[in-house]
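Listed next: structures, encoded as structure tokens.
In the two complexes that follow, chain A is the common piece, with chain B as its partner first and chain C second.
Take a look at the complex of A and B:
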């Protein structure tokens, strides 16, 4: 296991390296001169040239890339072209909010998708089983940002149960939980459908196996059979799709953070595009892609925890 | 004597039995017709503002779905918006499919290019999809056409992966061996022997992708980096309606519902086509 983990972490390095190459060179080819943006509209040609020299923008592009990479490895992601503050500090302040949103969304997906899927499988053709397919179909086709606005209207404006925008309370407080319910649901609901269908079919597969019949005939409780005998064996494909979902959610934070005015990395991505603040954009994209890569690693590692037959050595 | 049925007749019969898929095809056909005949169908010019008729609720005389914050007729904007969404969906998936399928065919057939192509695709897949679109928009600048390019780019790796897998297994089939031993040129083997045999899953995937692309384009426009106001794009309409959520929620509700129905129709149509093409599906 340790050897596998080390190997996987080593594979992570070239992936992240490729991500830095793509973001750096893609954004380098974008129009606009960072030095003149930083210098401001009234700067002289000499001022701009000085800034360009200071930032190393007069160097060949490949040198600029290695300079960027070197600074990145030292935790320096450059200076924002609009706020002139350190990008690293800007990103680090917002990152926890984005992670909080993504994890709350995956939690909603797990509770509704996995929970609903298990119940639908153990009670086939029940009312719950019958309503899951239409909900699943609608869930995949619904725009998350629209769902967010409609929830905002219903629960925020009409019923006044939940706050309409922003993370204004500490994460682990009742107010913090109320803050996150609507954003997490808007993002998570899209995933519920596919997870639910997969959990249901995977559970139905397993429930027909002989070892489940054996467990029944031993007189074990239904709960024990479902959780310990059936679900553990049905969980592998479910975990895979949850990992894939996490990537979609991380990308989706850009949209949902904007709907609910959450001060996260996703919203910063958007603002940096509109203001052409490339260092901030590069840092945000890199951070989201790196988080995605690490989540994928955790998913792979979790296989062996769920199914002890899977060994990587 | 029973009349013999061709494979296609069988498939069409199977498709017609799937009521949801037939209804979806109907909805998409209506969308297509209204997109072509938008000028005839839409009662008003989608951009004409009437300040005296602002925010009329649905069902108001002359405005079936009401008017928006600028007094523009929502139904007319919806019809023109359908034209944009359909165009975005078809073009971006068409381009993504064409490039992705070509790369997938090459990667699957030529072993020495496989690694190179698929590793590049893997790097693209290392980014969450929306992020790729955002990088492309950041380079090219906001706008509807750049969003179409962005969405095409992030569909490429998925089509490439799907096509490569299918090509890998098709190329081991005896009919390919037969064609090769008869001296058929590689281009003919790829286009006339392999492609027709692997095209069904690609078509099914493309149908579903049209819905996803419409959804993503609307999201980017909603964020302000896609189609720009006053264009009657559905995402733009929701974004504009957001400012009136307190007083007139229907301005945002109606276009969102339209997206939901259209995307759902493409998904159900995709499912229907898959079931109809599946040779193992019982009749």
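Take a look at the complex of A and C:
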């Protein structure tokens, strides 16, 4: 197991290296540069040339890349071209908010998707089974930002049950939980349908197995049968798809963070693209990619916990 | 043994308990009367007036720093601020007398040396200030005594006092620059407020500067809360979580107008929106083609598309800018599609032609572009729309990739020279003159307006240049922008200036 983990972590290094190459050169190949944004429409050609020189943008892109990489290897993510602030400090403020949003969203997906799927499976063709699927499908068809704005209008502005936007309270406080409900729901609801349907079919498959019948005949409680015997065996595909969802959620934060005024990495990605702030974009994408890679590693490790027959040697 | 079943009832009860828990407490409102919360559409780039040139940054820096002079927007006169007066012993010399007993918020004195330091820093190519060109006429700056500065210009420069009202010429603390390297994160000025806290991307909090030289501000704190989405800012305003905001999407303005708790206003501003041409293209060198396009445009439709929140204009220099003359509107072209078609045929394009219209995908531009596309199609000009992100748009139009383009200009000094010179003088081709427009007659008139210190002569020159540019269709002016602003009814004395800057030091909540 330890050897496997080390191997997986080592593979992360070339992956992240590839991420830096792609983000750096993709943004550099886009037209427009940070100097023209910094200077604004009214700047003279000389003003722009001075800024380009000061920021080192008049050097060949390849030199700029290696200078960036050299600093990165020394743990320095550089200085933002637009704010002249250290990128590390910019990222550190925002990363916890994005992680908080992504995990809360996955929690919503688990509660509604996995919970709904299990219930639908144990009571097939019941009212609950019949209403969960259409609701989940509506979720897939609805864009997250639109759902977010509708929730905001209803619960924030009309009913005033929840704050309209923003993370203005500490994460682990009642206010903090209320802050995150609408954004997490807007993001998490998109994943509910696929997880629900997968859980339902996976559970139905397992529930028909002989060992479940044996468990029933032993007189075990339904709870015990569902959770210990059936769900555990149905969980592997569900965990896999939840891991993949996490990647989608990390990407989806770009929009939801803007709608709900959350100060996260997703919004920083958007702004750094619009202002051509290369070091900020590279650092944000790197961080999101690393998070996704680690989540997937955890998913792989969890297989062996769920199913003891799976071993990594 | 009884088998325990999970009943539907249990599931429903659990769901109700969860929901009920959410509803117990209501969100608390930040309704502190000594604190004003503004909903900003993005974070600032930084807090140095020398190193930034974006509207959001200047909204904050305007509260922290002062300029030497300010414009009185009622009389349009230049009034004292950090400077008390100026004199012109000759056309090249400006002697500026400074206000005594002023200190920066770090306790160090404001004096002639600070003015010299600030302006020399703005001009230093190594500093690479985005608006260094603002002071490019300055030759040297001398400290005469502690409270007197003598500025010598390379050529006579008429709008010099107006330049000194521009936010990028705000005076910074030399001690603070020496200490921090730059003031992007450590602003120190003489203004009514100073920085308390900045959480990048989230909010900026300013607190009252107790060393301020003027009347003490009534507010204790101003919080700039960053909320990128217009609809979200409107929601926060309606629930009282922010006190005021601007840049409201025009369809939502009506919602705020109807809200009894909110005051929504839309005064006329200095920013102009226009359609222009790339004069390097042969087809646009033909005056008849430009006139045809100007006559094909119906400004009424554009204003309607913007929910009525724009003021149609045929003059390049707008009513809130020095150099405006109401008769200029008469030089403009009225909507007349039949005549436009005839002109186009006359110019050798009886069946019209195909062209592109470039614009940044931000604000009103995409809506306006669609209206123009439709209107030009009626006289046979097929327009392909090229909506680009702002960075790409700015670079591409500077290079001259566009055929036609849509853009605007916010006149910060409210002097027409600051509109005509950067945008339409041949000196600035490759810079802000994205039309690549070059006309020796208007160049000369603009030069008179620049290099003359007699304000009457300057006014006449600007009026003449404006009329000539309109007649010659250098631009097709579309509308003057309304500066939309909305605030809660308990906010008083909030003033938005025509150039979109605001004054917050006299604001109070009751």
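We take it that the second predicted complex is superposed on the first by the 277 of 313 C-alpha atoms of A that agree within 3 Å, B and C clash if a C-alpha of one lies under 4 Å from a C-alpha of the other, contacts with A are read in each partner's own complex, and residues count from 1 in each chain.
In the analysis below, a contact is a pair of C-beta atoms (placed from the backbone, for glycine too) under 8 Å apart; a residue touches a chain by one contact, two chains touch by 3 or more.
Predicted model only: the values in this text are computed from it and were never measured.
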Inset, instruction - Go through the superposed model and pick first if A:157 touches only chain B, second if only chain C, both, or neither. - result: both
Inset, instruction - Classify the contacts of A:138 with the two partner chains as first (chain B alone), second (chain C alone), both, or neither. - result: first
Inset, instruction - Determine, under the contact definition given at the top, whether A:274 touches first (chain B), second (chain C), both, or neither. - result: both
Legend entry - If touched residues of chain A are counted for chain B and for chain C, the larger one: C
Legend entry - Contacts of A:27 with chain B and chain C, given as first, second, both or neither: first
Inset, instruction - Figure out whether A:237 sits in contact with chain B (first) or chain C (second), or with both, or with neither. - result: neither
Inset, instruction - Could you look at A:258 and tell me whether it touches chain B, chain C, both or neither (first, second, both, neither)? - result: both
Inset, instruction - Identify the partner contact of A:40: answer first if only chain B is touched, second if only chain C is, both if each is, neither if none is. - result: second
Inset, instruction - Considering only the touch criterion stated at the top, classify A:176 as touching first (chain B), second (chain C), both, or neither. - result: neither
Inset, instruction - With the two complexes superposed on chain A, say which partner A:165 touches: chain B (first), chain C (second), both, or neither. - result: second
Legend entry - Contact residues common to both interfaces of chain A (with chain B and with chain C): 30-31, 149, 152-153, 157, 258, 274, 276
Legend entry - Of all residues in chain A, those that touch chain C in their complex: 30-34, 36-48, 50-51, 53-55, 82-85, 89-90, 93-94, 119, 122-123, 126-128, 149, 152-153, 156-157, 160-166, 174-175, 178, 181, 219, 221-223, 226, 258-261, 263, 267-268, 271, 274-276
Legend entry - In the complex with chain B, residue positions of chain A that touch it: 15, 18-19, 22-23, 26-27, 29-31, 137-138, 140-146, 149-150, 152-153, 157, 247-248, 250-252, 254-255, 258, 269-270, 273-274, 276, 278, 281, 285, 288-289, 292-293
Legend entry - chain A-facing residues of chain B, complex: 123, 126-131, 134-135, 137-139, 141-142, 211, 215, 218-219, 222-225, 235, 238, 241-242, 245-246, 249, 252-253, 256, 259-261, 263-264, 267-268
Legend entry - Contact footprint of chain A on chain C as seen in their complex: 1, 3-6, 8, 11, 22-23, 25-28, 42-43, 45-46, 51-54, 125-133, 136, 182, 184-185, 199-202, 225-229, 231-232, 235-236, 238-239, 241, 389-396, 398, 407, 409, 422, 428, 430-432
